[in-house]
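What follows is chain A paired twice: with chain B in the first complex and chain C in the second.
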Partner chain A sequence: MSLAAKKVSRYIIAIIIIFSLNFVIPRAMPGDPLTNLLGEDVILTDSSVTTLRSEMGLDRSFSQQYLDYWRSILKLDLGYSFHRHSPVSDIIFTRMKWTLLLALPSLLLGGVLGTVLGALAGWRCENRSQKMKTAFFLGVYCTPPYFLCLLALYLFSFKFALFPLKGFYDTGSALDIAHHLFLPILVMTLFSLSRNYMIMRGSILQEKSSLYATYARAKGLYDAEILFRHVFKNALLPIITLLAMDFGFILSGALFVEIVFSMDGMGNLIYDALLSRDYPVLQGSFLIITLMVVSANLLADILYSRLDPRVRWH
Partner chain B sequence: MMQKFSRLGLFLFLSFVLMAIFSAQLSPYDPWMRFEPYLHPGQEHLLGTNDMGQDILSELIYGSRVSLIVGFGAALMATFIGTIIGLLAGYFRGTTDEILMGITDIFLMIPQIPLIIVIASFLRPSFWLVALLMGSLWWTSTARVVRSKALQVRETGFVQASRALGFSDRHIIFTDVLPNIFHVIMPKFLLSIASAMIAEASISFLGLGDPTMKSWGMMINFAFTRGGFINGYWWWYLTPGLCITLFVLCVVLMGFTWEEEEQATLRLE
Partner chain C sequence: MRRSLYKLTFVLLLSILILGTVCQGGEDSSGTVLKIGTPNVVKSASILGDSNMGVLAHLSNPTLMKMAEDGKIVGLTAKSYEVSEDGKVWTFPINDDLYWSDGQKFTPDDVQFTFSYLRDNYPAAGWMKNTVDNISVEGDAVVFKLNKPYSRLNLEFATYPILARHIWEKVDKPMEYTNEGENVGYGPFYISKTDLAAGVVYFLKNPYWKGASPKFDSLVIHTYSNMDVLSLALEKGDEDAYYKYAGTYPYASMQKLKDTGNFDFVEKDNIGLIFLGMNLQKEPMSDINFRKALSYAINYSEILKLDALGYGQVPNAGFVPPSMMDFKETAKLEHNLTQAKSILADAGYKDTNANGIVEGKDGKDIKLAFLTRTDYQRTAELMAEYLKLLGIDSEMKSVDSSTWIKQKDAGEYDLTITRSTPWGMLMHANWGTGYFDSRRTGEGVLHVLDDPVFLKLCDDILASTSEDQLKDYAYDLQDYYAENLPAIALYWSKVETPYNRAWQGWYSDPLYGIFNVDNFLSVEKSK
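Entry: the complex of A and B
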């Protein structure tokens, strides 16, 4: 089997396993599976329980249910939220746009700034100002993201009233949305930046002492030239895989940021679903997030093989 | 530069551990005892009281116990699973390696926090459950590091010698390979404590923690949901957050220093 086929099959297996997990969880957990599938605040009469049970296929055999489950997944049908009176997929797609608007800029900014600043810090690790910077980002790295949000919200929105307290928009103009998004994106960027910073710094520290760097110096190249034309490229490779894995992390982080800033994205959707035990929404969100993380990983793998001539898919 | 900080980190780490062990002796009051609510920090109550009139300092000291147990428990379990899987994959190579690393890759892709949220929403919240779930999800990076180190160690002379002498695989893995990998496992263990504590704090913040057990994360959750934040009672939510950050910081510092020293000795060789 070629490497590409092996990798792709690994992703397919991952998706099958995670989706199956999503099928098993509500049926294996204590309590009536019907309640577990519909959500806990749904009040039903006896007759509607029987009709719903057959409609959801809960009276059929387990294997039949499993096949039905896959059939509906392929039709992009993630179930119906009785709590919100609309199909789960519709709710998630409208909410996901906002979450991505928050997560993607932070991921990109954090990735670019984190690698460049981290590279400088690793390259000039004796420098005093670099040490201060490292200490700062280490502090951010060790703080739970939502706590950082609470602090930022308290300081900038509450005390100094520079930014709005909640939501994605008031009037809906682009400027208004940007004003609302500034603080959350700032915190998320700091959060992803600090992670990339620490890893890039370590990576550069390792590459710095390798022979080709010494040779480049012996040739008489400028310091910055050695860093950005030779060492940076090699140290960057682990970051690409990391960015993909970080995508899941950033997305989870965005959930908490949204809760603190009361923004109507995926985070608050999950939070509300959690409080009202709206299981279809919870599971649907989990599936969509998984799907996104897995595709980000696949993308990173492809990118990696393009950028690193030592790793080629055959 | 990290060495200096790492000594400070060790000192802080030990004081937090002592605080968790002797919380009954150290805390001025019972964390559930009720006094006047919303007291500012003062002489009676060094860090003030919350909405129920409970002493924040005592809550913090008792909270260290819960938070540390969850962090250590999850990290221990994760390190254990990761080490076993990494050792087996690295030592036996071939098909075993393919299968075990395939599983690791799959686990690496599962968004952990959302999965924990889904499972925990179905079950009654308890902090054992959270620790167990985190432990069974967080082992992937340890497994990868242990595997790559095991691949190296298995080719060294003394392992070859024991194999030639006819020792069993189990014997070789545990007496020859494992002790030589131990120094890469320890920093990983420390870093998993850090991520487990941050995750616990996040999950508790969502209200999925154990309401009968006050961890630092639960304290922030209470302060956020019961209006301590809106009213600006900073001593209520700031102190547990700072405790989490400080503890994670000292664990991470020790872990990073260890890893860097490791790489430095590698270079010297």
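Entry: the complex of A and C
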């Protein structure tokens, strides 16, 4: 079997296992979608409970539900949410577009800026301004996300009244959406940036003491040339893994920001589905996340082999 | 490189300022808008399928009856009601000056349709299948013929929204019906739009409303997933008032609002309460002496001070709070650890091996499984301390709501801290019976009491046809609670609803707080 075929079959097996876990894990939690459906002070008759369980397919055996689950996946049908009264694909599509609007710019900005600034900080680690930047980003990196979100909201939205306190929009115009998204994106970018900055800085520090870097210097290459033509490429490998993971978890990674800024995105959707045991929404969301994580890993594999010949040879 | 990075930082900072400034005052300012912030997040635009949306819909689709300030049930869509002597025929004459927001006349036919439709299609109204035989229109009235006396019918009808026949008769599955656009209603306001992505529900004046005219033009409900941010929004002036179904504004955040000088509070005695529930099917909770000892071990004043910051009062043994109709003054619950220990010892629970933990009747140390939802963890920790002082060990399990419901229904607990909602206190045979009657089940109820005396009392209340008789039963029930302690109220609390002083005329009813038709007809801009 060729290397590519081996890799593809490995990914397919991983997908089958993860999809099965996506079915099993929600059902391993106590309760089911009916447990928390109608409100704490609503009393149902036994016949109503039986009817609802049947409509939700909860009266079927575990194995039957599992087969139904795979049948739906193969038909690209993500099911129906009794908690949100809508097909799961519609719910996920609506939420996903907002979350991507929120998370994608921060992922890209944080990735690019974090990598470049981190590289400079590692290369010129003795420089005073670089030390100050490192201290700042280390501070951000160590701050609990929830706290930083609240702090940013308190300062910029409450104290200085520059931004709204909640939601994706009020009127729905492009400017209004940008106004609502600016602060959450800024906070998420800061998180992503500081993490990438610290990793890249460490990676550059390690690489710059390598013999090839000394050789390049001895050859008379300029600093910027050594950094961006030789060292940067080698130091980038850990960042690629992290960015691939970020991309995989882009839909669920904005949970804290979504809670603080009252944004109905994917993070909030998954969190709420977990609490209410909304199996179809959980399965649908996990399915999309699985596909994204697997494709991100595949992309990382490809990039690795492009950047590092050792990976190609092995 | 460095210079371009500085430029980039500068551009970023500049754009923050520009964006922040340009987008100020984007609010639609046509007419007078009342803005209310709530932590009750609407998940779907379904007035029958989403409980939070259902509460909001009470303004556009009012109920047949309503609860007055004194707890009595009076007419809202109906003018009043009459009940036959045998309690089996209920007649509700309907107001004849009501119109749907699309211009169609509201008729008794809509009421007849609503209850027939809900009975057949809405699981939460499934009880009607076993109780209501026939619903008919007679002149301007709707008549319900029951197969058994049911004294709570008027109260039940203070919770279901009335639906437009010409809209809903085309809907097969009411729970699945969602509408993010205009919902035809007949109240003073109707829902004009539900924007789930923005977390906003918009209400506009019903142009065909013939009653007292509302004093503002539109109502906007903003939902917040974070309570701290909602508090900031109130403080900042983004919201004019706060609303939470069956809940109060956090007591700990009240002072900050008071400090602004812009806020007042509607203060009401809560019908719902926080209580210690016990699994009466298990030893030693099934022993009344053990429960009495527990009741003396609790430091009620301390719980009231720490959990509710003093906004409430120490409860009575009779459980039912004074804000409920037909309240009876029973003995005040008292903290007396010596008395608690003495009752425990007299009942045979003694620490014979002197290890600090009393032994049960099986001779083993008592270790109780203390199940609690994360919402009440702090109270449960206090309770565990009181138990320890009494010589009772406990193992706390703090879980999410779904797990709590599942484990509670499976009887996998000895003690739990939970709450009753206003409607929860009124459901079934009223006065909290719905939480204990072993013949019923539901998400928030304990259904652990199968004492024939209690069950008969519930049945008597349900079948009662006279108000005097009902009052006697209510008194008997509160005496029963006081003597048998099937649950112990931890405190009777206040419901605090903040509102900006720029608005006045607020009215809160015992069932739905400020979210009632009368309130929104009364609220106006302060002069």
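Please note the rule applied: the second predicted complex is superposed on the first by the 248 of 314 C-alpha atoms of A that agree within 3 Å, B and C clash if a C-alpha of one lies under 4 Å from a C-alpha of the other, contacts with A are read in each partner's own complex, and residues count from 1 in each chain.
Keep in mind that, in the parts below, a residue touches a chain if its C-beta (ideal position, glycine included) is under 8 Å from a C-beta of that chain, and two chains touch if they have at least 3 such contacts.
Note that the coordinates shown come from a computational prediction; the quantities given were computed from them, not determined experimentally.
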Under the stated touch criterion, which partner chain does A:N36 make contact with: chain B (first), chain C (second), both, or neither? both
Could you look at A:S47 and tell me whether it touches chain B, chain C, both or neither (first, second, both, neither)? second
For A:A14, is the partner it touches chain B (first), chain C (second), both, or none of the two (neither)? first
Tell me the contact category for A:L150 with respect to chain B and chain C: first, second, both or neither. both
With the two complexes superposed on chain A, say which partner A:L117 touches: chain B (first), chain C (second), both, or neither. second
Which partner chains sit in contact with A:T290 here, chain B, chain C, both or neither? Use first/second/both/neither. first
Please work out whether A:R277 is in contact with chain B alone, chain C alone, both, or neither, and reply first, second, both or neither. both
Of the partners chain B and chain C, which touch A:D170 in the superposed model: first, second, both, neither? second
Footprint overlap on chain A, where chain B in one structure and chain C in the other make contact: 29-31, 36, 150, 154, 158, 259-260, 275, 277
Interfacial residue positions of chain B with respect to chain A in the complex: 1, 5, 102, 105-106, 108-115, 117-119, 121-123, 194, 198, 201-202, 205-208, 217, 220, 224, 229, 232, 234, 237, 241, 244-245, 248-249, 252-253, 256, 259-260, 263, 267
Quick one: which bits of chain A touch chain B in the complex? Just the residue numbers, please. 10-11, 13-14, 17-18, 21-22, 25-26, 29-31, 36, 125, 131, 134-135, 138-139, 141-147, 150-151, 154, 158, 198, 202, 205-206, 209, 245, 248, 251-252, 255-256, 259-260, 270-271, 274-275, 277, 279, 282-283, 285-286, 289-290, 293-294, 297
In the complex of these two chains, what residues of chain C are touching chain A? 1-2, 5, 15-17, 19-24, 26-28, 43-44, 46, 49-51, 123-124, 126-127, 129-130, 175-178, 196-200, 222-226, 228-229, 232-233, 235-236, 238, 246, 399-403, 405-407, 420-421, 423-424, 427-428, 434, 440-445
Note: in the complex, chain A contacts chain C through residues 29-31, 35-36, 38-45, 47-49, 51-52, 82-86, 94, 98, 116-117, 120, 150, 153-154, 156-158, 160-172, 175-176, 178-179, 182, 186, 224, 258-264, 268, 272, 275-277
